[in-house]
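For reference, chains read A, B and C in written order, and residue numbers begin at 1 within each chain.
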Amino acid sequence: MAYEFDFSFLADHWPRLLQGLWLTLAMSGLSTVLGFLIGVTGAIASRYGSPAARRVAYVYVEVVRNTPLLVQVFLLYFGLSSIGLRLPVFATAVIALSINIGAYSTEIIRAGIESIAPGQIEAAECLGMSQSQIILRIVLQPALERVFPALTSQYVLLMLATSVTSQISAEELTGIGNLIQSETFRSFEVYGIVALCYIALSLVVRAGLFGFGLLAFPRRRRLGTDL
Amino acid sequence: MPEFGPNQFVFLLHGAVWTIALSVLSLVIGAVFAFVVALCRISGSRTVRAISAIYVQAIQGTPLMVLMLISYFGLNILGVDVPALVGATIAMTLYVSAFLGEVWRGSLLSIPRTQWEASECLGHSRAARMRHIILPQAVKISIPPTVTFMVQIVKNTSLASIIGFVELTQAGKLVNNSTFQPFVCFLCVAALYFAVCYPISLWGRHLEKQYNVVR
Amino acid sequence: MLSAETGTTTPGTIVSLRGVHKSFGDVEVLRGLDLDVRMGEVIALLGRSGSGKSTALRCINGLEKIQRGTITVCGHEVARMGRDLRPLRKDVGIVFQSYNLFPHLTVEQNVTISPKLVKGVDAKTASLLAADTLARVGLLDKRDAYPEQLSGGQQQRVAIARALAMEPKVMLFDEVTSALDPELTGEVLRAMERLARDGMTMIVVTHEVAFARKVADRVVFMYRGQIRETGPASLLDTPQTDELKQFLEHDL
């Protein structure tokens, strides 16, 4: 069967695609920031916290990492509305994504903290620094520097994963794609264009985070190497 | 309206079986392509390297959800009316080939350059070097990350629900639609995923530790 | 320049370098190297680190591509061979500083795998070959061990046996004792000495001046990518150039 490709829908619908793209970026940007904060907190809790705090951090990380994001999104979205709590779709999506990426960030940052040589901490203690000074200045900073590439990959994956929020009818890139598809029936073309948008976005996000890394970690910039 | 009860749970269990089936299928078929991708990524030919790099970049830059939609609808416009399982398997295969391929490329490259050189100096052909010197060592290294990646595969089969394949997540949606008890229903779904994934995670971590000790 | 190797290749020459230039980026490591090695000769290549001696060795068996000059080894012109260097590799054995044994194979398998793969030798013959070469380095009793069960000196001797099993016409040694504890270097050097007595052509990059004095037919002293001084082993007692004098003073 001959199939004629038809991209004419683009003429009418490109502004909506742009809007979707923008929502995808906003959603992933916000979730990344929140998830990073959760990650730092979680990593410190799981390394230096009380036994109870450690256990909470462990359960949080394992539960999130061993269940699908889509199910987490459903649980939050349908669950909250069933107890009468109605949040906007965008807020629900950002909460679910932040909880999800927070767990991955916790795990990555914790690994970074563990890679800091004990001698560093002993040296700082002998110089009379306080526990919180040591954690923030001596441990956390180089730890983040070291795991930044891993975080970058994870945050790019998160950006792609925002597509699952289309399932609770968030009108981000994939959601918009679904709408256009249902109006034009050019499914293959629509999702092809959507895929290209994501590929472009992933390159942009990766480049952006790389640039951010250069700004945030002067040592990396000067040495030009991974640590 | 039916309450969430044993019948509903059994329905979810059926979904879980399909989740596992799709996972195994994706792993097995995907692994074949992943191996090819890994070899292409370190090929001696610049063209092969470039093409495979673009392939990986494209697949890794596209959400699996969109891959699902493309492969499902793509087959349909070809005039092939395929079951959702086939569409899902194709998308999962693409996904596994790119991600696992990169993992395995890393394993191959982690074999010290001196091993490649020593083999080369003994006159081994490229194929012999790969088969007798590099692969036996690389396979060992690649097992822990491969096991860890299996968790990703299981979780990501949940996206097959969007093309109507009744695996665990889709089963959960159906049960929720009939019972309107989202908390119980999706908690059960999550618990079932956890029951499958957590042991694999532990296994992967155990292998990683073991490997680090041996090294 | 005391190196007088110019003109045509004399009969019996098995390795010949003519005007070899090699750079890594902006760094010129070999600047016009000329060297002839006759069949059965043992050459000791001496020089400071960075003088280009290891690079010269790696160029001889094609691990590094040269920018100018010619290298002829056992009739193969290395630069013209293209990508398939296997005919060359059958004639040239090399032993590395870091042994580079295959960790997943036993000692015997390390020795037999190449004859089997490259020359199509059957398992029984390969096993006999392994017994012979392992006996020559005094490690026949370790044939079933894995490399990590052996000391550095033993591993290095297995590496020698592994190269010998391909029955090469020339053996290259790249600072083979540098990674070893002093008390382990002796056993490796003795194995090499025995090889030299058996008539093997050897090019030995080394820091062991005593070994060079005792075993080498000819000493070649490299300085900044060229041969600064060359002659019989007695040269080490009567160095002509300041660079070699300094090198010997620092090293002894």
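Points worth noting:
By our rule, contacts are C-beta pairs under 8 Å (C-beta built on N, C-alpha and C of every residue); 3 or more make two chains touch, one makes a residue touch a chain.
According to UniProt, the chain labels map to these proteins: A = ABC transporter permease; B = Amino acid ABC transporter permease.
In this text the structure is predicted, and so the values were computed from the model without any measurement.
The chain closest to the protein's centre is B, with centres computed as averages of CA atoms. Set against the Cα centre of subunit C, the chain with the most distant centre is A. Distance between subunit B and subunit C, defined via averaged C-alpha coordinates, is recorded as 47 Å. Subunit A (ABC transporter permease) and subunit C have Cα centroids lying 54 Å from one another.
Centres computed as Cα averages put subunit A (ABC transporter permease) at a distance of 20 Å from subunit B. On the side of subunit B, the complex with subunit C involves touching residues 44, 112, 114-115, 117-125, 128, 132-133, 136-137, 140. Those residues of subunit A (ABC transporter permease) whose C-beta lies close enough to touch subunit B in the complex are 1, 3, 62-63, 65-72, 74-75, 78-79, 81-83, 160-161, 163-164, 166-167, 174, 177, 187-188, 191-192, 194-195, 198-203. Against subunit B, the residues of subunit C that register as touching in their complex are 61, 63, 83, 85-86, 89-90, 92-94, 96, 98, 100-104, 113-114, 117-118, 162-163, 166. Remark: subunit B residues 57-58, 60-67, 69-70, 73-74, 76-79, 151, 155-156, 158-159, 161-162, 169, 172-173, 176, 180-183, 186-187, 189-190, 193-194, 197-198, 201 touch subunit A (ABC transporter permease) in the complex.
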